[in-house]
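In the two assemblies presented below, subunit A is common to both, partnered first by subunit B and then by subunit C.
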Partner chain A sequence: MGQQLTLLISAAEFALAGAVLALSTYMTLWAGLLSFATVSFAAVGAFFATHLMNSAGLGLWPALLVGGLGGGVVAAVTGLLLIRLAGHWLALATVALILVTRVVVVNLGGLTGGSQGEVVPVEVHLWQLIVVLGVACLILARLARSRFGTAAVATREDPTVAATMGIPVRRVQAVAFVISGVLGGVGGVLQAGLLRYIDPDSFYIDLAVTVIACVVLGGAYHWFGSVIGAVVFTGLPVYVNQFIGQGQAIIDGALLLIIMIWLPGGLVDPLRWRRLRDGRRPAPTPDKRREPAEVNS
Partner chain B sequence: MSGTEALAVDGLAKRFGGLSVLRSVSLTVPRDTVFGIAGPNGAGKTTLLNIISGLLPADGGSIRLYGDACHHLPAQALARLGVSRTFQNIRLLRGLTVVEQVLAGTYRRRRVGGLRGSAGTPRARAELRDLREQALETLESVGLRDAADRLAETLSYGDQRRLEIARALVSRPRLLLLDEPTAGMNAADWTGIGELVTGLRESGTTIVVVEHNMRLIQAICDRVAVLASGEVIACDEPGVCLRRPEVRKAYFGK
Partner chain C sequence: MLFVQQLINGLALGAVYALFAVGFGVVFSTMRILNLAQGVYATWGAIFAYWAVAHAGLPFAVACLVGTAIGAVAAVAVDQVAFQPLRSRGGEQLLGTIITSVALWISLREAASLATGAAPLGFPPGTVPGGLIRFAGLRVLATQVIAVVCAIAVTAVIHVILRHTRLGAAIRAVGHDRGAAMLGGVNPRVAILTAAALAGAATGLAGVFYADGQTFTFGLGDGLLLQGFAAVVIGGMGDVRGAAFGGFAIGVVQVLSAQYISNSFQDAITFGLLLVVLVVRPRGLLKTVELGRA
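Here is the complex of A and B:
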């Protein structure tokens, strides 16, 4: 029983850290940018913070701060160059960014431990993960109701219309990219604290695929979708692994197919709920409603 | 002259590759009027509107908005100067309800932004309540208040056009550009739009409307410019303009 509990907690921990990374990717999608750069931000945050934990004896909270700052700065710099790229070109460029990050990590041995990797001296506990994810969710929920939230949705759905409404499209995307960088950096530090050992492979393409799966299959039109997606695609595999070992990949694949076919908007899909709600509601009688406008021709 | 004109376009030119879409287009829109732009398909009407609203850069010529040169400004800057528009193919934002669409149009009037706005302060909440009320009033004026909480995509075609106009109106534009607001509508619907537009002029909005429907143009426009092959071939009161032989030739081929 004790072992079951340990496994459950471990699964929950990875789900929570995964959720922070998923929220980082959600931030960019919110403003209409398909970006895999979360993995690069996470790598920068993780290696930067781990180096300072090892050399300067940083604790977890200052390490999270440093990681978030590192991710944010990298996002600001790369964002300036990348955001102007349209659609799939941006996605490709961010994949390239992940490759470049890996090369840098391998070759900056003094700072990152190179291909040997580095031991992470500070452990992350469940309650700390809950606190960090809670704060992240609170910020996103607030943002969703703010002027920025409106601007981001308009930018995602139709940048041309957004511009004619006075929304500074590029600036909205840049802000989203930087927030994504901060969340990515923080998520990277959390991930490092769970893994307790990081090397260049800890933050590579496979993580990018997992994170984007969490966001898109969890539901890309509400921040909560990313959290649910992370539970299903990072937490569940950790727990299920004990029963079926490698067979877990089959479950993942089946889940992917089921969601893509029957829930194309993801697990959390506000648009689908709204459509269902509108479908149940009787349509207002149009004749009555139009009366004043249709008096004569 | 700049005291009475809302919009002055002078010598505007636009080429797409080897194709000259606009050749030296000049026109003046007086304040508080409804100004029509007519012309056969491919005359350059929508291109002209896209340049005026900042979505396309012009290759030559100048535009003045209430006396200020503005042809170098992007769409978002022009929106802040009070230019608002609708689109020929209705462009609503997917997934939003009717009132949310209109609320999105209030963006440039929201003052509490950044961290204060996202912190949910009483001021931010009060502002949002206030703007929502204004959005509902705007919906009332286009006859859509009862549909406020429905998904915009469930509205009929004519109502979606009205909604797009409401979204443009809620920003309280000084210059409203309507791109074929009655395209694909039946007679009952377009007369409704006509009444809406004349009502707006009474309330002090200058309106430029691109339109094919000559009966509507005669009913609502104070002046109309007829474009053909990228040039203004006539600009006058609608009744006078549409009787001109060159206009009849452009439209009917004789």
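Here is the complex of A and C:
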């Protein structure tokens, strides 16, 4: 029983850290940018903070600040270069960014431990994860109700129309990218604290794939979808692993495929809910004009 | 002389990347799919070619054909399972197809791991053409020649099909605007399946050539995916010749940088080059004109 509890807590911890990373990717999608760069931001945050923890004896909270700052700065620099690329090309460029980040990590042996990796001296506890994720959710919920949120939704739906309405599309996207960087950096520090040992492969393509799966399958049209997605796709496997031996990846793959095909909007899909709700209501009388749908994501 | 020798080795390695990149580029430029399952086609092509040689006792040339065919079959199957349901639903597909391609990637990779017992495989000695051509102090393996010749031939064939046949025009039309292509009398399903099969065939062959000189495991496709991806971005995706050029360039750069700079900087140089190209010339070195709506 005690072992089950430990596993459950461990699953919850990974789910919460994964949720922070998923929110980071959600931030960019919100503004219509398909970016895998979260993993790069996480790597920068994690290695930067771990180095300072090891050399300057930083505690967890300052390390989170440092990690977020590092991720944000990298996001600002890369965003400046990459945001002007159109949809598909940005996705490709951010995949390339992950590859380059790994190479940099491997070759900066003095700071990152190189290919050997390094031990993370500070442990992360469940309550700390809850606090960080809670703050992140509060900020996103607040943003969703702000002018920025509306502008981001408009940018995502149609950048040309958004620009016509006077929305500074590029600036909205740049801000989203930097917030994504900060969240990614913070998430990276949390992830490092959970793993207790990080090497260049801790932040690589497989993490990018997991994170994007969390966001899309959880529901890419509401920030809460990312949290649910992280619980289902990072937390659950940690717990379920004990029951399944070989062939687990086949089941994972089938699950991804099924959800993507039958629940295209993800698990949390405000649009579908609204449609269901409208379906249950009596049909509007012909003379009464329908209100335009409210943008509220 | 060492330089020329390494140049030849680089071209031979680049031939594998070029084949892979051509397959990747065909899918990306005609269907707008970032297909992360592409590497698995190469893995399965290599595994079946290995079985054909080691267990069925078939000659190497037949094994190459088997690998090519398996790649094509895998590509068509993946397309029908993972991409067709999203396509028939319509709407924005980039995100969805990334997820479904990941789904097929991890499933087929795991299946390959189970099928091979996760053990390293290698073509038995004597089954791969072992000829060695000595020329002016250079040593060129027969397999290297075969790989380069095949890469150039496959690129040329796919280029001709895409640019100079009605079927190729149909494929490009569907990639540009499916609805308009259908109005023009194109059967989009045939066009898409042909493109997928072409891409898969080139990738499967790449897998066989990648595996024939070394031991390999079920993870073969993953390394190839990253290098092929770099090749395709550097060369440009609108045109298979660009992708093939990118593949050869990556191969040469990798071998030469390992020889003259440092083994550990090999990836740094490849992927650094990749990022620079993306920032400076996002459409690739061989830029193609792309028309679109605002």
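Following the convention adopted for this analysis, the second predicted complex is superposed on the first by the 283 of 297 C-alpha atoms of A that agree within 3 Å, B and C clash if a C-alpha of one lies under 4 Å from a C-alpha of the other, contacts with A are read in each partner's own complex, and residues count from 1 in each chain.
We adopt the following convention: a residue touches a chain if its C-beta (ideal position, glycine included) is under 8 Å from a C-beta of that chain, and two chains touch if they have at least 3 such contacts.
Not measured: the values here are computed from a predicted model.
After superposition on subunit A, the partners subunit B and subunit C are accommodated together without colliding. Rounded to the nearest 10, the angle at the Cα centre of subunit A between subunit B and subunit C in the chain-A superposition is 90°. Contact with subunit C, but none with subunit B, is seen for A:34 once the two complexes are overlaid on the shared chain.
Looking at the shared chain after the overlay, A:106 reaches subunit C, while subunit B stays out of its contact range. In the superposed model, A:126 lies in contact with neither subunit B nor subunit C.
In the superposition on chain A, contact of A:135 is made with neither subunit B nor subunit C.
When the shared chain is aligned, subunit B and subunit C each come close enough to touch A:160.
Look at A:143: by the touch rule set out above, it reaches subunit B but stays clear of subunit C. In the superposed pair of complexes, A:260 makes contact with subunit C only, with no contact to subunit B. In the superposition on chain A, contact of A:212 is made with subunit C only, not with subunit B. After superposing both complexes on chain A, the closest C-alpha pair between subunit B and subunit C lies 9 Å apart. On subunit A, the surface touched by subunit B in one complex and the surface touched by subunit C in the other have residues 160 in common.
The residues of subunit A lying in touch with subunit C in their complex are 29, 34, 81-82, 85, 87-89, 91-93, 95-97, 99-100, 102-104, 106-107, 160, 205, 209, 212-213, 216-217, 220, 246-250, 252-257, 260-261, 264.
Against subunit B, in their complex, subunit A makes its touches with residues 139, 142-143, 145-151, 153-154, 157-158, 160-161, 163-169, 221, 270-271, 274-275, 278, 281, 283-284, 286, 289-290, 292-297. In the complex of the two chains, the subunit C residues touching subunit A come out as 28, 32, 34, 36, 81-82, 85-86, 89, 94-96, 98-100, 102-111, 114, 226, 229-230, 233, 264-265, 267-268, 271-272, 274-275, 278-279, 282-283, 294.
The residues of subunit B lying in touch with subunit A in their complex are 53-55, 74-76, 79-80, 83-85, 87, 91, 93-97, 103-105, 107-108, 110, 112-114, 117-120, 124, 128, 143-144, 146-147, 150-151, 154, 156, 167, 171, 187-188, 191-192, 195-196.
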